[in-house]
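Please read the structure below before turning to the comments.
Chain lettering (A, B, C and D) follows the sequence in which the chains are written, and residue indices restart at 1 in each chain.
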Amino acid sequence: MIKVGIVGGTGYTGVELLRLLAQHPEAHVEVITSRSEEGMRVPDMYPNLRGHYDDLAFSVPDVGRLGACDVVFFATPHGVAHSLAGELLATGTRIIDLSADFRLRDADEWSKWYGQAHGAPDLLDQAVYGLPEVNRDAIRQARLIAVPGCYPTATQLGLIPLLEAGLADTSTLIADCKSGVSGAGRGASVGSLLGESSESMKAYTVTGHRHLPEIRQGLQLAAKGPVGLTFVPHLTPMIRGIHATLYATVKDRSVDLQNLFSERYANEPFVDVLPKGSHPETRSVRGSNMCRIAVHRPQDGDLVVVLSVIDNLVKGASGQAVQNMNIALGLEETLGLAHPALMP
Amino acid sequence: MIKVGIVGGTGYTGVELLRLLAQHPEAHVEVITSRSEEGMRVPDMYPNLRGHYDDLAFSVPDVGRLGACDVVFFATPHGVAHSLAGELLATGTRIIDLSADFRLRDADEWSKWYGQAHGAPDLLDQAVYGLPEVNRDAIRQARLIAVPGCYPTATQLGLIPLLEAGLADTSTLIADCKSGVSGAGRGASVGSLLGESSESMKAYTVTGHRHLPEIRQGLQLAAKGPVGLTFVPHLTPMIRGIHATLYATVKDRSVDLQNLFSERYANEPFVDVLPKGSHPETRSVRGSNMCRIAVHRPQDGDLVVVLSVIDNLVKGASGQAVQNMNIALGLEETLGLAHPALMP
Amino acid sequence: MIKVGIVGGTGYTGVELLRLLAQHPEAHVEVITSRSEEGMRVPDMYPNLRGHYDDLAFSVPDVGRLGACDVVFFATPHGVAHSLAGELLATGTRIIDLSADFRLRDADEWSKWYGQAHGAPDLLDQAVYGLPEVNRDAIRQARLIAVPGCYPTATQLGLIPLLEAGLADTSTLIADCKSGVSGAGRGASVGSLLGESSESMKAYTVTGHRHLPEIRQGLQLAAKGPVGLTFVPHLTPMIRGIHATLYATVKDRSVDLQNLFSERYANEPFVDVLPKGSHPETRSVRGSNMCRIAVHRPQDGDLVVVLSVIDNLVKGASGQAVQNMNIALGLEETLGLAHPALMP
Amino acid sequence: MIKVGIVGGTGYTGVELLRLLAQHPEAHVEVITSRSEEGMRVPDMYPNLRGHYDDLAFSVPDVGRLGACDVVFFATPHGVAHSLAGELLATGTRIIDLSADFRLRDADEWSKWYGQAHGAPDLLDQAVYGLPEVNRDAIRQARLIAVPGCYPTATQLGLIPLLEAGLADTSTLIADCKSGVSGAGRGASVGSLLGESSESMKAYTVTGHRHLPEIRQGLQLAAKGPVGLTFVPHLTPMIRGIHATLYATVKDRSVDLQNLFSERYANEPFVDVLPKGSHPETRSVRGSNMCRIAVHRPQDGDLVVVLSVIDNLVKGASGQAVQNMNIALGLEETLGLAHPALMP
């Protein structure tokens, strides 16, 4: 049984980790930390977990107890993993960080977007970007894994087949993304009230969202060169789900895109390329770790439209974190993640 | 491996059976029937099941193929099980009927509420009402199981502790129930359009809903006598969930209701009595087979208010059907049903 | 043109007042106060009002400016009107208070439910409870009007025909009420996040909600005697709307209830008694000041079920406030309130 | 008083016309037709209209009665206006057609997209495209007005300032549009059930939506030349609202876009250009005839992102129809349309 620690388990990615790990046959959560909720039993905060974690209570972070785990997940705001990772890695445990702390390879770029100094630039060398469809081998060896963000996961999986094949004009990529409100987290905020965000749709941070540099970094690695990306996120009146609508101009209309995508992901357990002409719905992945993708070239023109959907809390966060754990610990990659989506 | 057949798998209870059985380690769906969708592959209708039932296609009902299964679920409109059950039971298979066909013990009562003659009154003797919390022993021996309706499940589980203890005035019971729209099924109807049923709440069939006689029958068995019940169902703007708010006048204020409920359900894997003062949310059981219950006596008066929530498609239909299968086939009762609810 | 002041205009009842007054041909908002948003222009907070109040900005409350208005609305948390009302009434203006400050006639009862001393018990004598269907004559003369709460409005309008007629057993009244989340206000709270309250239903404060004494007070006046009431509010996943499902035992089955309700409200512009057998939907009153009511006696028994729906922000708050203003100032009662509900 | 006729009043655009005309001081609905609902009183179908149209019932279309009206709205499926318009225009009345029948100037193009022969090509010469912000003068003289579609309205208003100024690369325009489900109409269909379309987001008809040629036609007129447009509509889990996210590459970065848009719409009563940096929400126009627009140039690049929101049933259909009526009949353009949006 794998011993699991979770730092910062009171938010949505925390409870989602607990939900997924409750179904995982090889993992056992030993420690879960929260400064604000110290002493509270997990099921008292999350009634859906009653009967699953009845003996688990939130505790103050303790490097000794966390270090005794085989793997420690960070489900914390940015900055926290920076401050704890070094000490924790020294104990020999693995870290799977769901925050943004180790996603960007460039500490200065990180500082610019997150408005504070990077707290652990010396660890960047060993940090592995945890997108299995790109980095599986590196993940196997990794001690410090940066789980990709939700928008970056949906967008990269939708665009990298085109970029790796050198097929897209890399200067004019567009990612028009729609996210459910759980992406904004469980913090109390007026904008996320049902009374404010239900029955409405809006774009936000058109000027520049923090996921922009992360997406760009990933796309540039796939394209092996600079990439011009416009990223417009939208708040959608639903709880879970990301729908990425991706636009790229292709240089060669003769390529069979359906085939390109199908082959790229033929062996990927969590990427499902839909039949030609399909339109994936976010509900088809609700609660599951799948990414479903369809590729279109409307009116046989130059512009490719890729539709890519994930559950932002699963493949976009906690599910992908468990997938990384499975890979890093040598388990079967789909362990605990094979259940179908909840539909309707 | 248990061989499973499903008759009528295109509706919400059908897809939910498939979702749950995909997680069941001992069951394999051999046959699924639909006259209207003959030949269509299951994942082509339900994209959430892509990767799970890729070789399964809807076929026309065939008693030979169904009879070769260990158990056959009916997820059909009322009347269908009447017409097929006799022939099918003769093959030696078990039937677990999610429709209303065998829930009422009185064929005339059935005819009155369903507006047609009862099609198999001779089978009523062997039909077992599949509420495990009441009928577990009978279910073990049953060849023909009538899975309770969604409102009846939430309401009976909330009221029977009071009735079995002889504590309630049985003449004035009230069940004010709120259901998500999936309870109305997957058929195209104007009233269930998002444009009609979202952002709104309404009662319906106050005059008399078909679940009324079923609930009353169950309550009378618990009370060992006649019961006066008023049942008001409401359509709630959500997909899944039933919230039953139950009112009963107690004859004796001195009884510790919290204790009564806790003890009644102490050994029940799928009934969770919440701590005193709780208010269960339907989302705390979304996608799970749990029923969560809280009991209140406001202002220390005579009136008891029981709050009982289930997922109408799971404990209120397909999950309870699988629970019955587990019991009837001698498997562990929670097999395939132990995952936590999806929250948020 | 009537000069209007609004104290505390940043919440939902504030913006709703502004929306309704923008359509009112005889009213002009001169002052709107907010300490926290001083200086902000109204349309900068509420983009739906762009083009309507472009010259109006929030200011710090000032008795001089408010006193120069013909009428001052309070759309504030409880306690605020207590502290300002006396001084303001002395200027000669009228006060229409949407908060709970002057709804209960008994200062001690108020203190008990609101957890603080009553701040203006000396004003209670002149406070008029602003339910026009009961108190129209008193409202005409009133200088200080306490606008009823949302649950109290829907519940009282649904039950008083029975109580005034002496037809109901007053000891066992039940109000099972379902409210949209805007009833919880615009304050940031985890429980009102879309991620927490969408796709779910729950009861709350079953032990005792602050509207209970207000409802009871109104029902007792109608019944001319003590009333036993159980009130269970529920949070419903929608923005606006209250659906009150009301249960009362009648002493005389021979009375024509449909006729009783129709006659009681025959001359009421904002109470609509639906035809026999109807089920009002909350969306049928969305954005409008109507209350729609249907009355049932299921299975011809003793128990009457009244269904009463309002928009909690209109007839349950700001619309009723404007209705009170029209009456108190001698205008046509429906002025600015005659538009149909928004449906779909 | 203007005499109004409505052909086909049972759908969402029909009830919305009735809602808006109930608030219109100069219009009176004399006739409303429906073959399927002949004889039904309007408020019996639409309870929000009780008290407003109590004497109006649906009747079978009759050219004589319709011809006696000053203006006749068509709120019908495509093809109906083709068959009735000629005869009706001969009576001297005006037609305002909310369907697609007269939107495309090229009958062959219409036939291609709508899959049937154009039924009234001889009337195309006199048909005026009813986008007041472009065609106001022509609308003043028109006898036959084709009200723009919902997507076309939001998209054209967002892009024409750029095109009229010759500022955009016309070969690579993208319209990524999100619509509430009321856009799909009130017909019973599985895909529009709350159980299917709530809590989910999907694109549809990426290959080619019927509004594509209409949008392209309008953009080409503004650009005075051919236009390459990719249009991807999405189904959003809300009732009302369209959010168009529009992408265009500008040829000249030095132009002040904020100024360009503000000046273009300075005198338009129903187009509101938001301050720089804004993100319009669809709820800010719910129930109102406003279009709110924000223009961004992220990271000071070449790509302009225009955000344009409307209520699909108001500015995208019935409100714009009334606006056209006001213009065509010489009334004040905002009559009956000046109320603020419903928010929250």
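The rule we apply is simple: a contact is a pair of C-beta atoms (placed from the backbone, for glycine too) under 8 Å apart; a residue touches a chain by one contact, two chains touch by 3 or more.
What you are looking at is a predicted structure, and each value in this text was computed from that prediction instead of being measured.
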item	value
Partner chains that chain A and chain C have in common	B, D
Pair with more cross-chain C-beta pairs in contact, given A-B and A-D	A-D
Per Cα centroids, the chain farthest from chain D	B
Between chain A and chain D, centroid-to-centroid distance (C-alpha), Å	39
Computed distance of Cα centres, chain B from chain A, in Å	36
Numbers and ranges of chain D residues touching at least 2 other chains	12, 180, 182, 186, 195-196, 198-199, 237-240, 280-281, 283, 286, 344
Interface residues, chain A side, partner chain D - complex	172, 174, 176, 178, 180, 195-196, 198-204, 206-208, 228, 230-232, 234, 236-241, 243, 245, 247, 249, 277, 279-283, 286, 296, 298-299, 301, 303, 305, 307, 309, 344
Residues of chain B defined as touching chain A within the complex	12, 15, 18-19, 22-23, 46-52, 182, 186, 198-199, 239-240, 272, 274, 280-281, 283-288, 290, 292, 313, 338-344
Contacting residues of chain C [partner chain A, same complex]	12, 180-182, 184, 186-190, 192-199, 237-239
